[in-house]
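Okay, so chain A shows up in both of these, paired with chain B first and chain C after.
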Partner chain A sequence: MRKLLNVLYVTSPEAYLGKEGETVLILLNDEVKLRIPIHNLEGIVCFGYTGASPALMHLCAERGVALSFLAESGKFLARVSGRVNGNVLLRRRQYRQADSPEEALQLAKGFILGKIFNCRCVLQRFLRDHEQRGDPPMVQEGVKALTIQLQKTANSRHLDMLRGVEGEGARVYYGVFDHLILEVKDIFTFTGRSRRPPLDAVNALLSFLYTLLAHDCTAALETVGLDPQVGFLHRERPGRPSLALDLMEELRPYLVDRFVVSLINTRQIGATGFVTKESGGVLMTDEVRKNVITAWQKRKQEEVMHPFLGEKIPVGLIPYAQALLLARHLRGDLEAYPPFLMK
Partner chain B sequence: MSISYPDSDLLMLSGIQHFAFCRRQWALIHIEQQWQENVLTFSGREMHERADDPFFTEARGAVLVTRSLPLVSRTLGLYGVADVVEFHRDETGIVLKDRPGRWRSYPVEYKYGQPKIDDRDIVQLCAQGICLAEMFGTPVATGDLFYGRTRRRQPVEFDDSLRNRVRELTAGMHELFEKGVTPSAEYSAACKSCSLVEICLPKTGSRRSVRRYLDEALR
Partner chain C sequence: MMVLVTYDVNTEKEAGKKRLRKVAKLCKDYGQRVQNSVFECLVDPVQFAKLRKRLEEIIDAENDSLRYYFLGDNWKSRVEHVGAKGTYDPEGVLMV
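The block that comes next holds the complex of A and B.
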């Protein structure tokens, strides 16, 4: 597997990015705070109003380093990237399969299978690790219900049916998710999934990390030459990275949900740092966001055995590995798409 | 009958070395457009740019050295750029613009590293020879491979069997490019030194069954 390069996250809105030769500079009030050789990076993500010089954009485009600008909330705004990667024939095959109800169904099944399997695994792990705590009967019920949804996934005969199964699975899973959280319950109580806006601190954490993961999935798909906007499960909408969202489905439980639970349960994230606005929406302070990003970066460096490749890879390369396997399947090298099924 | 490829069908000459090494590697680079800049290619380029290299500063009497010469062969359907082409004084040679006398072209291909066990460097050099022969309308019988690691020049004779090998390879390249398919991986000793091994994942080919993987996980 290729080397995991770093993604540089710039969270300070007053920062300005420049370049000097092959080096990225981060400036604060005209003072150089950090220098990083471009060949150590695979992406730069800026939050807030960070500026960047055209010369730096040029360098990033040339070296295939995606330079993304997100709003402070994590919402995607824009990206500077070089010319489109990869094989037009591969993308055509992707479009054809997306247009074929039968092929799209098979692929969508793979993503949902992975999602429900991994959701169930998150619950099973919890049961194993905390036999005496929490509320195991509820969680056990959840595991059973997800097993049924897994069966139904395999038996779905068209996309709408599959979407229904997916919705039911998500209802079950998020229905018991709160039981996984064992610490600081007054702050970290999960009240069901809410997105716009997140209505509690747990949802705020989930939403933020899902955004980071979506960014990684988009970049991974682009790297292997697929079009992140043309999906199989998610309906296309202008500006929506449908395929990246498809790919995310199976990765969310393992990469984000479990991570958020462990951030809270190991008290890496404190009770302070969350603000409830008048509308009920919960925001995180810069402080929390920075802590989350640091922990996330560390998590990405950890190695896991890839269940299909049978090879140890850094967690941060999982989206890339899955994108590669997806391209493999679309190209006809693999008879089906193997989702990432956590152990 | 020999084919004459139009501009739109020309392939990159440098690709012949990839194709000779592994057809899949060539397809990954030239059809899939997957390319990883790795240490080897990067240092290779640096070496070319080094001004103090003895190869470029050597005084060489009746030899003209030209760098980055654009090449094309209509019969092979290849285009590219030669690192170095020398022109040696030769009474039976050709006339060059603004240069008195007659000259014979002599391709020199510069390689980082050392001689390979396979013939990928040799066929690339020979393809350059065929381009030069076609462009100047006179046969080119020999060229040199220069290896950075050993700092040696190794002359290569362009005999019939080598030329045929080049024609076979280029015909294969055009056929594959036309079909747009990437051949599946066959794991071999070559994979260990392949710069695309991390993209290719040669061990994950058809041997691993996705169905079985799913069945085992869902049991």
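The block that comes next holds the complex of A and C.
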């Protein structure tokens, strides 16, 4: 397995990124704050109004380092991507499969099966860990309802039916998600998923981390030579990384949802640090955002056993491992795509 | 793996100064300058082989010297820092 490299996060809005030789320079008020060789990096994520020199963009594109620009809220703005790399034959297979309703359905089923299975796992794990606390009957109901959705996923005969099942599953899951949060309930209550803008602190955390995960998934797909914009479940739309969104479905519960719950329940994120805008949208302060990124980076370095590969890999490489398995399936080396299933 | 690269380049002559500049520039591409003529480079074996070859092409073996210290993957337990000149951890959280 590949080595997990580091991601550089630039959160100071007045920072400027430059290039010198083979290194990335971070300048603050014309002073070199940090100088990092490009080969130590996997990606660069910039928040706010950070500038970057064209020479640096060139270097990132050439070395396959994902360079993304996000708004301070975490909303995705732009990404620098170089020449399309990888195998043209593989991409042709991907397009053909995306065009074939039956084959697209098979793959989409995999993603949704993974998603609902993992959602159920998040709830089951909660029940096991907190037998006396919270509101187990509701959560138990959720587990049952998700089991039914799992069955329905397998029986779906076309994509729209599958999308319906997915929506139903998400409704059940987000319906009981609030019960998983045990600390500082006056701030961290979850009444339902809201985005653009997120309307409460929990949604702000979820949205922000989904964006970071999308960055990682897009980069992973590009690394293995797939086109992140051509998806199987998500419809194509200009600029939308449909395949990255497909791949993310099964990873959201494990990588993000559970992480958000543990950030709150272990009190790594406090009640202060969220600002409500006039529009009703909730934003994090710089400090909270930094804490979240720090915890996220640590989480990515933890090692887990990959259920299909049977190998210990860092959590941060899971998107890459799944992209690799997807490419193997499209190439015909694997009969079916094995979604990432939590234990 | 982490490799510590240190060098001594004889700068009595103009050519030596030129070599010194070249060596320093190359090392910067591969790692972090932790002291004058001391670099910590987090590299894989291929990257190290490249670095090594290019360095050894620049120096003049009669007058200059290079030393590599191999600290492996668990290098963090083998390095301690005291005093000024903060450094960054290339495997830690990188945030500016």
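We take it that the second predicted complex is superposed on the first by the 343 of 343 C-alpha atoms of A that agree within 3 Å, B and C clash if a C-alpha of one lies under 4 Å from a C-alpha of the other, contacts with A are read in each partner's own complex, and residues count from 1 in each chain.
In this section, a residue touches a chain if its C-beta (ideal position, glycine included) is under 8 Å from a C-beta of that chain, and two chains touch if they have at least 3 such contacts.
Predicted model only: the values in this text are computed from it and were never measured.
In the superposition on chain A, A:His130 makes contact with neither chain B nor chain C.
Once the two complexes are laid over each other on the shared chain, residue contacts for A:Leu28 go to chain C alone; chain B is not touched.
When the two complexes are overlaid on their common chain A, residue A:Arg163 makes contact with neither chain B nor chain C. When the two complexes are overlaid on their common chain A, residue A:Glu335 makes contact with chain B while staying clear of chain C. When both complexes are overlaid on chain A, the residue A:Arg299 reaches neither chain B nor chain C. In the superposed model, A:Tyr9 lies in contact with chain C only, and not with chain B. Of all the residues in chain B, the ones that touch chain A in their complex are 31-34, 36, 180-182, 184-185, 198-199, 201, 204-206, 208-211, 213-214, 217-218. Chain C meets chain A in the complex at residues 25, 28-32, 41-44, 47, 88, 90-96.
Taken together, the chain A residues at the contact with chain C in this complex read 3, 6-12, 15, 20-23, 26, 28, 33-37, 39-40, 290, 293-294, 297-298, 301.
The touching residues of chain A, when paired with chain B in their complex, are 1-2, 85-87, 89-90, 113, 117, 150, 154, 224-225, 307-310, 324-325, 328-329, 331-338, 341.
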